[in-house]
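Scrolling down, you'll hit the structures one after another.
In the two complexes below, chain A is the common chain; its partner is chain B in one and chain C in the other.
This part shows the complex of A and B:
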């Protein structure tokens, strides 16, 4: 069979067009319907009904075998409480109500849409799940701590030593970590897998923490103002704070 | 002439024996020694039922199987019913299950740096009907 150069080019052009538009026509490149995107909403007013409360931190650290290391240079934490000025340094201004300035609230991994930690991880040990959770695969972590340097929220901790001696009790259903790996909050992916809420949300005595899909969280917002930590960095954090 | 050749052959034979016999003997001794008795464990009591896969297959492929489970859980978020815990429900003692073979082949996997087999052992101590593996 002989064919002219003209007819070959015409056929190639038709195939190129089909290749460009077929996925759109077939709907295969559309985002999956009903894809979940998890987020956490912190209602600071409710949280501060119990000043000094540490229930979220205690519940989380017990559930995940997070060691209590007294040396602040070596401590490991997944969620902890900070004052308003430490959570939102740029939000403090002379007209900010004093009640708000006196707030404290929990800080944790923000599970960003575009997490810098994931971008710098050389082994793929930290990654974004389809539901938006920034997860850690400790099996792959080589302890380089690039992610800790990249995270603008200081949400990651390094195991400078074997954490087991610093555990008062061990939760048998959750592994500990080992020396030389980085760890952080993972939105309790092990609990979500069995249909439970995150440990901090369950433990909160004032129901200040609401966990769920972003779209559904909108229903739980009663305040005028919802802010995120350092949105100017473009990481799109998914821990929201309602003032 | 003939005598010299015969003597030469005898010397050669003795030399070959000196070189070859000790390794052969030591290999034979090694294969008869206790180190090469099968390190595998007896099966768990029959009321436990069968393993998640065929035992012979598990002996060869459990490391790949565990890695596959690991990736499904950690990376894909698919939590199945089988975990390291499932192993410890039947093979109660880590020392007589994991460690026994790993020591025999001088292998030191780091599973237990983070994961915990011993709590299952504690449970077995409290409930002796679970039996030894």
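This part shows the complex of A and C:
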């Protein structure tokens, strides 16, 4: 059988297109079976032994050159504390123990199994690593902020301005960012590579934060009830809260 | 060619509008340079309301662009000959609107110099990727259609064989650009006032009011009621007010407004009667909460659209060009307040942490937006000038 050059090129073109797009269309972000899958457990009772404590936020923001911007509308934050009613608006009910309702706790990127931010990003600047960490490539980010609209947890921050003047000190081991890109918690992927725990976990004075493979976290649960933020959205968040 | 005084005054009008558009473009460009050097901190956007005026204008202009289909469908599918000379205006408006929509995406970016990353790293799971492809294609289709129409008219050539297939392609394509634009918002979990199947239909309905309203104003400004004689009289022979073109546009606007209001009502019922807290809280934040800063626009939009709809139902409006222009302007303004102002920042109310943070654009943001509108208007003015020139010279055929 002879083949014209034209038909060969046409078929090659079609195959190339299929090859380029098929993996992205069919692929899922969920890590494959048997892979490591990181998660964070927050023991709220332990966390609230020190009300008003800000150690996790301070340690994280120092380690990652997160600027301290006074205007709350333009703040950049990777981990911060909120009241129970703001973290879990639908969990509040009259029989909820007063102590639980008065809890506050850290909020951060939930490193979802099926993150909407990754789904909508038009450049692949945010992506899921094989170990389940939702990571950011700030060099590829075009600053469209679609991921911020997509995140149902408000975990993403945009650099509305050059963040560097708002740094008190610069951590040399971690890059600073430029204006016009989005950033968020990366589960300290840079520290995990050197065998260290995330900065927030290390800094917590009450050992309320436990980081590790999701299957192993079960050992560290301090209560009967473990909940996640907005599980009904199907994102499968991987920050767990023990009441 | 001898020009009558009215033609002369119309060329002055074109020169004046081109001048105003150019001035707006230059001021807006200067303002954009300030935004480039200082960042989006110069806007009213926040970490909670991260899309505002720019993305709203983008959405609104995509609708205006899509509405060219409201001229194409009656002419090509239902043989409504009166729209024959209007076609090229619709296509020119589509081109100008897509140019504006694209520029609004660009000025919204935190890192505009990296915009080509969208093509370097194509992400077919992102509606934004598809939207940019759809808009690019739509721009090319309409530019080719308008260009071909003028070219063949100018040189008295026959219609090329591929024109009709391309026109048929442009019809679903027009629907697709606004549908995909709606999907950008409607596919997001946890943004209840966007996450509704009725968002894309609402976008299309409001687009089919705002675009034809603009077209009607253009026709009135360009030609007055001069198209009355272009079309044969109605089959019934009964006298009807106004020209057939203007009447048809007015009816399209009126029923698109009605459809938009109906879809909004359906949305309200579902949210309010179900008592679904997220859905109803989002609408409450948008329409009632003073903190949100958007309720004025939403109510003003409802009122303006209602007045425009009622006015367009009266034969007296159709017969009086001033009233007709006022009604069309109200329809355009009403849809702009909804889609060009309220719905996009309104989708962020309340925030995932149950906060209602207000949004209002800053002066710089408004100037940049006016600049993009100026760029879009400049494209349109250029197209109108070309159309006029071709038709004035082509009248010898």
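The rule is short, and it goes like this: the second predicted complex is superposed on the first by the 209 of 243 C-alpha atoms of A that agree within 3 Å, B and C clash if a C-alpha of one lies under 4 Å from a C-alpha of the other, contacts with A are read in each partner's own complex, and residues count from 1 in each chain.
The working rule: a contact is a pair of C-beta atoms (placed from the backbone, for glycine too) under 8 Å apart; a residue touches a chain by one contact, two chains touch by 3 or more.
Just so it is clear, the structure is predicted and the values come from calculations on it, not from any experiment.
Enquirer: Would you mind checking whether chain B and chain C clash or fit side by side on chain A after the superposition?
Expert: Here chain B and chain C can both sit on chain A without a clash.
Enquirer: When both complexes are superposed, which of chain B and chain C contacts more residues belonging to chain A?
Expert: C
Enquirer: Is A:13 touching anything from chain B or chain C once the two structures are fitted on A? First, second, both or neither.
Expert: Neither: A:13 stays clear of chain B and chain C.
Enquirer: So, A:172: does it touch chain B (first), chain C (second), both, or neither?
Expert: first
Enquirer: On the A-aligned overlay, A:233 touches which partner chain: chain B = first, chain C = second, or both, or neither?
Expert: In the superposition, A:233 contacts chain C only.
Enquirer: Touch test for A:190: chain B only (first), chain C only (second), both, or neither?
Expert: first
Enquirer: Quick check on the superposed pair: does A:205 touch chain B, chain C, both, or neither? Answer first, second, both or neither.
Expert: neither
Enquirer: I'd like to know which partner A:51 touches here: chain B for first, chain C for second, both or neither.
Expert: The answer is neither, since A:51 touches no partner chain.
Enquirer: What's the minimum Cα gap, in whole angstrom, linking chain B and chain C in the superposed view?
Expert: Distance of closest C-alpha approach: 12 Å.
Enquirer: Could you give the residue numbers on chain A that contact chain B in one complex and chain C in the other?
Expert: 178-179
Enquirer: Can you tell me which positions in chain A touch chain C when the two form their complex?
Expert: 20-21, 24-25, 73-76, 82, 85-87, 89-90, 107, 116, 119-125, 140-146, 148-154, 156-162, 178-182, 230, 233-235
Enquirer: Can you list the residues on chain B that touch chain A in the complex?
Expert: For chain B paired with chain A, touching residues are 70, 73-75, 77-79, 85, 110, 113-116, 119.
Enquirer: Could you pull out which chain A residues touch chain B in their complex?
Expert: Against chain B, the touching part of chain A is residues 127, 129, 131, 135, 137-139, 170, 172-173, 175-179, 189-190, 192-194.
Enquirer: Can you list the residues on chain C that touch chain A in the complex?
Expert: So the residues of chain C in touch with chain A come to 38-41, 43, 45-48, 50-51, 105, 108-112, 114-115, 117-118, 120-129, 132, 184-185, 187-191, 277, 347-348, 351-355, 357.
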